[in-house]
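Below you'll find a set of structures to go through.
In what comes next, chain A is part of two complexes: it sits with chain B in the first one and with chain C in the second one.
Presenting the complex of A and B:
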């Protein structure tokens, strides 16, 4: 049973990291990007390629994975978000990010293959170390560090305050002389780096798999919707709850009902508390 | 009146070409492709009302297709029911699935709805693997064909064509009267539509259930055409394909998505390298259309035709009419 809880916490940490990445991008642009999960997929696939295939040293591979994730995040902003937001049709960003996500996933599928491949060991450790295995605690530790780091960044640095100002009211921020476009670009870069890093750290748990992106886009979104849109604490709680629930449920019912249970959780939360556990109440759009 | 007559002639020629396709198609493969397009179109015509008219971005309609296909395989195959009765029951099954999916998810705003439909598609695939006793699990099910006149490729093509024509006629009727106007109003502004007395949720749900029914029927015909189905037949990328067909064709029309369906189904079959790219190609098409021509290819063609015919670009610039001004001023001076 302990094994079930630990693995649930670990996969929940990955969902929470995806929800954090959603939040970073949503705060500055009010866009929920379908490419969010694909940032993690790129981090794990390119990490495995750099270290496993090309034989780079691990720190260099880590930097490479972060760079690839950041580049894709930035590409998302340039290609799929900037032009669409300028035209301000509320549905189009969903289509453009969906298109980019599909292209990214299929390109990786064609190049890397559609079978999951193992991710190289990052730290010397015996494979028989059971629950203390690095594939569990690496993502858990990382997501805590990421959430703490984001909080410090938002509260403690000038850039973080620019982020918050843009997120509160982009027009007012613009009027105060903040280059909101640049803040938005930077937030996508940041979310990409975050996704690349988390995908790299969780690589041993999730494997380097091309279809991981769509999976994490959905599960990260469910974690976010359960925890409350815009809240980083909510992202952590929602991710952990979702991870624990799906791992306990697969322990009792078998692994075939993962999606059904996750969506069930989403529907229950949305029915009882539509804004999520820690979300701000939505105003009626009149 | 002349454009009307010409449109009528064009429509008649198109209908005749579709009806006589088995006689001039090069080989059976083309006939199979045309039948496949027909089966897809039955689903897409219903989805068009949801996505193209009402603006609800359902990217997971492949789940409803799978419900219809498995329903047909189980009812007509495992239980040996009459295929036509099974097809009707498939429609009902798809409608019920649409109702169950629509009841919670249509209340949600855009992105939430899209994610819910995507999750539905994944759930259906998951369940079709999990419920092995019913669906054959990963090995799949073989699907029976239709009785005598429809068991040849020609007969089956005409059956699909008849159903597709019926569905198209239904959606056309919905689209051009009050319902269609109400759907477009919902797409353009939910708040404005509600203030004009449109029952948002009820209308959306009705149309969604209708699209579920057509998806169920389309799924039954699709399964019988493929003659063997596995969970791998209904990957999420097919749902994306349906969606792209509508967006590319242009929202708010019926002809546009139809052309989109024909082109997007036939193109990878004709140009072999595109088939290898698969969903990458659909993603690229979607991105290009969204970024460059968000109104769809149909609109682009319209603009090109206008330019080709040399119709003058209507200008809204106001030019001062100087001679007339001078004459008015001169008259005033005369009066004074």
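Presenting the complex of A and C:
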């Protein structure tokens, strides 16, 4: 049973990291980008390519994976978000980010291949280490560091405060002289870097697989919706709960019920507490 | 109005008949080839395409079939059933092909076989799922590949009769194919008087299978039989077995010996004691391949840069599909659907490279049981394998 909990925590950490990336982008743009999971896919695929194929040292491979994730995050903002938000208040970003995500996935599939490929071992450790294996603990450790880092960033830095101001009220922030467009661009860059880093850390768990993106986009969103949109603590709790529940459901009821139960969780939370476990209730003053 | 003299009229008539006859004789044979060259499961399609293309080039270089060149119309379905349907319709109604090979995956074939049957176009089926062949509903569909049941029966026989194992753990994945295969495997085992000690379906993208493998071990399994075409899941099963230090034999789907698995294994030795249903045609006996296979390997190898790094039976199957069509044209002079059907239904032991095919009016599955053998997964060499120890 301990194996079920640890593996559930590990994959839950990846879902939580995806939810965090959603939050970073959402805070400045109010967009839930479909490319979120693809940032992770790029982190794992490019990490495997840099280290496994090109033979780069691990730290350089890590930086490369973060850079690729950040670049794709930035590209998302430029191509699929900026122009759409400038021209329409409708939720057309759903289509534009889906299109970019699909193009990104297809391009990686054509170049990298459609079969999963190995991700290199990052720390010297025997494969028979059981539950102490790095493939479980790297994503778990990383997501905690990421959540803490984001909190410190939001609370302790000027850029973080700009994020918060833009998130609270973009029009008011702009009226106060904040370049909200630049803040939004930076948030996508940051989310991309975060996704690239988390994808890299989880590479041994997920393999370097071109189709990983859409799965993480979906499960990251469920984690976010359960935890509460905009809350980093909610992202952590939602991701962990989803990972554990999927793992436990699979253990007790079999793999065929894994996704049913995960989506069932989303529905229950949305029915009982539509704002999520830690989401703020939005009251519109009239 | 001018009139022709009798000799000139006769000459003109003869000339036009001859010309007409010549143009008929030279009308190309149009083969539609629905191949998932990109997208998931593209590796099988790419290899099959090598065989199809090679056979077409070989026949055309030799002057065609009865003087008629083959025109190959390859369409990339990207592994998507909806795309496969659109392309099948395009091949039939717009390109006016005489016969269609494929699609490669059973999921796509489930969508296209009824369409081709309705259009009355002969179809060489290369999906392994049982339901793709129905002599009444799809009278022009003939299968060249083995059925899924033949793979499963071959692996079951090896586990029970050769390895003498009785406590079987059956693992399937949650895809339609994995679920149906695991069900068939269990039914066949039960027919042989064996009730699996553990059965489970796993999501093909599940990142950890420790609990399933631990449960199988706790249940006392002495052989693990995975039925999934998902490379990632298969590699995780082998890695978990290796990491647990559990030396239980794994006997199952051919995906377990596909080359991409090798790179995903934590250690090369994790591939030992692993076996899968394979083919007589691509099995080394005393270090040698069957003569027909070796001939094709030798012919193709230079074009592939001197080494074959994919499973060769796909190539052999692709090659055979075109040779089956050649057999029909040579026998009947054309590809008229009724004659196509009659010719193949009367074909017995047609010597292909992948297999020797026999079809009857009652059975459009051409692949014989005897051509299935079990291979050692880690014995890959030039696309073929060693026979599993007996």
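Criterion: the second predicted complex is superposed on the first by the 280 of 286 C-alpha atoms of A that agree within 3 Å, B and C clash if a C-alpha of one lies under 4 Å from a C-alpha of the other, contacts with A are read in each partner's own complex, and residues count from 1 in each chain.
Just so we're on the same page, a contact is a pair of C-beta atoms (placed from the backbone, for glycine too) under 8 Å apart; a residue touches a chain by one contact, two chains touch by 3 or more.
Since this is a predicted model, take the numbers as computed values, not measurements.
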Looking at the combined model built on chain A, do chain B and chain C fit side by side or clash? clash
First, second, both or neither for A:259, with chain B first and chain C second: both
Using the touch definition from the top, say if A:270 reaches chain B (first), chain C (second), both or neither. first
Can A:4 be said to touch chain B (first), chain C (second), both, or neither? second
Footprint intersection on chain A (chain B / chain C) at 106, 110, 254, 256, 258-259
Spell out the part of chain A that touches chain C in their complex, as residue ranges. 3-4, 7, 10-11, 106, 109-110, 113-118, 127-128, 130, 133, 136, 205-207, 209, 211-212, 215, 247, 250-251, 254-256, 258-259
Which of the residues in chain A come into contact with chain B in the complex? 32, 79-80, 83-84, 87, 89-92, 94-96, 98-103, 105-107, 110, 214, 218, 221-222, 225, 254, 256-260, 262-263, 266-267, 270-271, 285-286
Counting only contacts in the complex, chain C reaches chain A at residues 38-43, 173-174, 179, 200-203, 205-208, 210-211, 214, 231-232, 235, 239, 242-245, 260, 263-264, 266-267
Okay, in this complex, where on chain B does chain A touch? 55, 57, 59, 104, 108, 110-112, 114-116, 118-120, 122-123, 126-127, 129-130, 190-191, 236-237, 240, 247, 276-280, 282-284, 286-287, 290-291, 294
